[in-house]
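First chain A sits with chain B, and in the next complex the same chain sits with chain C.
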Partner chain A sequence: MSGRLAPGLVAVAAAAAVPLVAGQHILTALIVALHASYLALAWNVAAGYAGQFSLGHSLFYGIGAYASTMLYLKLGLTPWAGMFAGAAIAGVVGVLLALGVYRYNVRGIFFALVTLGAAEVAKGLADNWDWIKGPVGILLTMKAAPGEFFFLRREPYYYVALAMVVAMLVISLVLERSRLGQHFLAVREDEAAAEASGVDTYRAKTIAIGLSAALTAFAGSFYAQFYLYISPETVFTFEPQLTMMLGTMVGGAGTALGPVLGSVLFSGLGEALRNLPFENTRQVVIGSKLVYAILLIVILIYLPGGLITLGRRRS
Partner chain B sequence: MTVSSYNARAMIGLDVVLQALLSGFFMGSVYALIAIGFTLVFGVTDIVNFAHGHLVMAAMFVSYFLFKSAHIDPYLSLVIVLPAFFGVGALLYVVVIQRIVEAPHSAHMMVTLGLLLVFENLANLFFGGDLRGITTTYTTSSFMVGPVSVPLARLAAAVVSLLAVGALSVFLGRTSLGKAIRAAANNREGAALVGVNVPRVYLVSFSLGTMAAALAGAVIVPFSLVSPFVGHEFILKAFVIAVLGGLGSVGGALAGGLLIGFVEALSSLYISASLGNAIVFAILIAVLLYRPWGIFGQAKV
Partner chain C sequence: MTASRPAHGAGLLAVRGVSKRFGGLQALSNVTFGVGHREIVGIIGPNGAGKTTLFNVITGVYTPDEGDVELRGMKVTGWAPHRICRLGAARTFQIGKPFAALSVLQTVRIGALNRIESMAAATARALEVLELVGLADKREHLGKNLTVIERKRLELARALATGPALLLLDEVAAGLRPNEIQEMITLVRRIAAGGVSVLIIEHVLEAVMRLSARIVVLNYGEVIAEGSPQSLVNDPRVIEAYLGEAYTLA
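So, the complex of A and B:
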C-alpha cells in the first residue's frame, strides 16, 4: 500500500490543481467524468467485489436525489446533511431488499431481474406520487449558497466530485484489505465454498447491497445539486445504471482503479467526439454512444477482466 | 356504445371489459411469441439476450420501410423479413454471442446490453427518434361480434403469432433438429456425447429466437408505431413473461404472454396506465421470490 501511496497523492494533488488552468467547459466535462467514476465505484462494491450483479441501482440513485431535494424543499434541511439522510434511507431500502431477495435464495440472472424490477416499480410509484410532483419532476433554483450546496461556478462542484471519488477509492482500497472484503470475494468466487468455510454469505451479501446502495445515493444527491432538476425519467431509469455498468465492466470489475479508468475513458471519449468539427451535433452524440457500445462488446470479448488487466499482464 | 362506458372507473360495462380482454388476448399472443424467442435462446444457450426487444424493433423498421418505399404489405414482407432475420441471428451468433457463451452471466448481460445499444443508436442515427407508423388498407378495419369490435389487424397479428408458436412447438417436439435442441437445453454434455452437434444447435436456436422476434415485429407494424426506443418495452415484457412461465419453457411463455396481455389491458382499464409497468414488475418480483421456476413451470430437482 505504501508503495502506491506516493503516486496516489501526486495524482490527487494534480487533479486538485486542474481548476487553476481549466475553463468552465472543461471543468463541466471533468465533473461528469468524476460523477460517472464515483457511480461506477459505488456499484462495483456490490457487483464487482461481491459479485451481486444488480441492475436496479437507479433505485438508490433516485432515492438519494429525491431525499436530499425533498428534505431541502419541505424542511429546509441543507443538502449537505440531506445527502447523508438519503444515503441512510437508500441503505435501509437496500438492506430490506437484500434480506428479502437472499432469504428466497434469488441469485445470478434472477437477482439481476428482481433488482431491475425493483427500480421499475420505484419509477412507476414516483411517477404517480403527487407529493414529489410525479413525472413533472422538481426544479431547483440556481443560486450562490455554499452552505446549502448551491454554487454558481463549476470549481466547487469539481472539488466536491473529486472528494467523493477520492473517498470512494479509499473505501474500495480499505474494503479490499478488510475481512469483510475477503468475505465479499469469497461469495463472488464460490458461494457454496464460502459457506462451507464458515463465511456467513447471507450477511455478507446483504451488507454488500446495503453499503453499495447508501454510497450510490450520495451520487444522486450530487446530481440534483449539480443539474438542479430531477424527475423519475432522469434518476429512476436505466440511464444511471448504464453509466455504472459501462465504466465498471470496461475498466475492470472488482478493482479500485478499473471503474475510474473505464468511466474516464467513456466520458473523455464522449467529450472528444462532441468537440470534433461536425455540424450535426445530434448525430455526433448518437455516434459516440454507438462507439461506446461497440467498444464495450469488443472489450468484454477480448479483455473479460477489463482494461485494467492490460497493465497487470505487463508487470 | 352504452352509457356505462362513459362512467369511467365507477361502473365499467361488461362490453368494455370484454373489449379489453380481447385486446389483451391479441397483444398477449404477440408478447408470447416474443417471449418464446427469448426463452428459447436462454433455455438452450443460457444467454439472457437483452437485445431481443431491439430485434423486434429492427424488424418493425424493415417492414415499415418495405411498405413505405416499395408498398410491400407487412405480411408479404415476411417472405423477406423472416429469412433475413434468421441470417441476422446467425451472424450475431457467429460474430458476438459464440465468443461469450462460456463467460459468466454478467458478461452475457453486458454484451447483449451492448448489442441493444448498437441497434438503438444505429436506428436513431439513420431514422431519427420520431415515432412512425403506416396505414394499410386494413389498419382501421374491424367487425362486430356481439357487443365487441374485433380489429382485423390485431386479430391477424394474434393468429399469425399463435400459429408461429404452434409451429415452433411442433418443430421442437417432432423434428430431429428440434429434439437435438431440447436435448442440448436439458444437458449439454450429455447431448454432445450422444452425437448432437452442440455449436450448430446453439446457432440454430439463436437464429430461431431472432426470427420469432422479427415475425412479431412485422405483424404489429400495421397498427403499432415504431421508434428506435420501442425495444425496451418488448424486452421488459419478454423478461416478465419468460420468468412467469419458467425460463426456458415454451408452453409457459405462451401462458405467461396471454396473462400479461390480460393484466396490461385490465390494469389500464381499472388503474392508471402509468402504473401498469410497476404492477407487471411487482408480479415479476413476487414470482421470482416465491416460485423462481415460474407460475406454470415445475421446480427442478
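So, the complex of A and C:
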C-alpha cells in the first residue's frame, strides 16, 4: 500500500499544479473529465463492485442537482451544505428503491430496466412539478461567492472537482479493502455462494445502491454549481448515466483506477471530436456518439475487463 | 471408523418430518434424521431421490412445506441461508460455484469473514485453510482457471473457512479420478478430525461408504433405510432401490 501511495501523491500534486499552466479552455475540459471520472467511480460502487447494474443513476444525479439548488434558492442554505443534504436524500431514495426491488428478487437485466424506469418516472415528475419550475429548469446567477459555491473563474471549480475525484478514489480503495467491499464482490460473483458464505446479500445490495446513490448526488450538486442551469432534460435524462457507464466499462469496472482512465479517455475524445471540422453541432453530436459506440463495442469484445487489464499480467 | 451408532443421533442437526413439494413432484416426504457432534453422516440415493433438495432445505435455500430443521438447538426453518451459515452450517455446491473473477485467496477470505471482522485476520485464516486443502500455492489463481478437483477443494475451503460446526458436502468426489477420490477422503477425514461434523451427499459410493459412520438412504424423497455402511449393503430395500447390480462392497 505504501509503495503505491507515492505515485498516487505525485499524480495528485501534478494535477493540482495544472491550473498554473493551463488556460480557462483547457481547465473546462479537465473539469468535465474530472466530473465524468467522479460519476463513473460513484456508479462503479454499485455496478462495478457489487454487480448491481443500475441504469437509473440519473435519478440520484438529478436529486443532488435539484436538492442543493432548491435548498439554496428557497432557504438560503449554502450549496456546500446543500450537497450533503442532496446526498442524504438520494441515499434514502436509493435504499428505499433497493429494499423494494430486491425484496421481489429483481435481478440482472430486470433490475437494470426497473432502475431505468425509476429515473424516467423521476424525470416525468420533475417535468410536471411547478415548484421546481418543471421543464423550464432553474437558472442560477453567476457571481463571486465562494461561501455559496459560486466562482467566476475555472480554477476553484477545478480544485473542487479534483478533490471530489481524490475523495472518491480513497473511498473506492478503502471499500476494496473492507469486509463490506468483499461482500459486494461475493454478491457480484454469485449470490447463492455469497449467502452460503454468510453474506447477507439483501443487505449488501441495499447498502451498495444507497451508498452509490448518495455519492452520485454530490456530482449532481457540482453540475448545478458549475453550469448554473439545471432542468429535467439535463440531469434526469440518460446522458449522465451514459457518462458513468462508458467511463466505467471502457476503463474497467470493479477497479478504482479503471473508471478514471475510461472517463478521461472519453472526455478527451469528446474534446478532440469537437475540434474536427464538422459543419454544425448536430454533426458533432452524431459523429461523437458513433465514435463512442464503436469504441465501446471494440473494447467490450477485445478487452472485456476494460483498459485497466492491459497493464496486468494475464493469468 | 465405521462403528455403528444409534439412529437419529441428534445434538447438532435435527431434521424432523420435512416435506417439500415442487408442483406435482413430492421431492421430500416426511424426512427425519439427525447428525450428532463430531459425526460423519452420509446421504445416498439414486438420482432424483431428493438429496440436494434436502441440503437446500437444511441450508435455508428452500423453506420446507412441512416439518422443521433444528441446528445447534435452534429452530432454523425459514431462515435465510446466510443466517444458517452464521449459526454454523456451511455447504458446498455440487456444481462448483467459484467466484469466477476472484482469486482463490479472495474467495476463501470471503468465507473467513463470516466469523472474523478484520481483513488481516481473515486473510491469515484463509491461508491456513488453503494450506489444509492443498491450494496454498494456487492462492493467486482465479476461480475460473481451476481444474475440477481444485474447484472442489476451493468449495470445501470456502465452506470450511466460515467456521462451521456442520459441514455439508454435496458430491465432493463426483467427477474425480480414483487417486483424487482418495485424496478427497483423506482431506474430509482430516477436517472431521478437527472437530467438525460432516454430512455428505455422494454418488461415489466408495467415498461415502468409507467416510461415514452412519448412512441415510433416500428414495423418492423418503428415508427408506438408515444404519452403518455394512448393514446397508445387505439391506434388500437398499439393494432394490439403489445399489442393485452396480455395487459390491470391496
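Note that the second predicted complex is superposed on the first by the 304 of 315 C-alpha atoms of A that agree within 3 Å, B and C clash if a C-alpha of one lies under 4 Å from a C-alpha of the other, contacts with A are read in each partner's own complex, and residues count from 1 in each chain.
Following the convention adopted for this analysis, a contact is a pair of C-beta atoms (placed from the backbone, for glycine too) under 8 Å apart; a residue touches a chain by one contact, two chains touch by 3 or more.
Worth saying up front: this structure is predicted, and the values here are computed from it rather than measured.
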Just to be sure I read the superposition right, which of the two partners does A:Tyr104 touch: chain B = first, chain C = second, or both, or neither? first
With both complexes overlaid on chain A, does A:Leu113 touch chain B (first), chain C (second), both or neither? first
Now for A:Pro146: first (chain B), second (chain C), both, or neither, which partner does it touch? neither
Under the stated touch criterion, name the partner, chain B or chain C, that contacts more residues in chain A. B
Does the superposition put A:His183 against chain B (first), chain C (second), both, or neither? second
With both complexes overlaid on chain A, does A:Ala253 touch chain B (first), chain C (second), both or neither? first
Kindly classify A:Gly311 by the partners it touches after superposition: chain B alone (first), chain C alone (second), both, or neither? neither
I'd like to check the shared interface: which positions of chain A are touched by both chain B and chain C across the two complexes? none
Report the residues of chain A in contact with chain C in the complex, numbered from low to high. 177-179, 182-183, 185-186, 189-190, 192-202, 254, 315
Chain A contact footprint on chain C (complex, rising order): 59-61, 80-83, 85-86, 90-91, 93, 97-102, 106, 109-111, 113-115, 117, 119, 122, 140-143, 145, 158-159, 162
Within their complex, state which residues of chain B touch chain A. 48, 96, 99-100, 103, 105-107, 109-111, 113-118, 121-122, 124-125, 232, 236, 239-240, 243, 247, 272, 274-279, 281-282, 284-285, 288-290, 292
Listed in rising order, chain A residues that touch chain B in their complex are 47, 51, 53, 55, 100-101, 104-106, 108-110, 112-114, 116-118, 120-121, 123-125, 127-128, 135, 238, 242, 245, 249, 253, 283, 286-287, 289-290, 292-294, 296-297, 300-301, 304
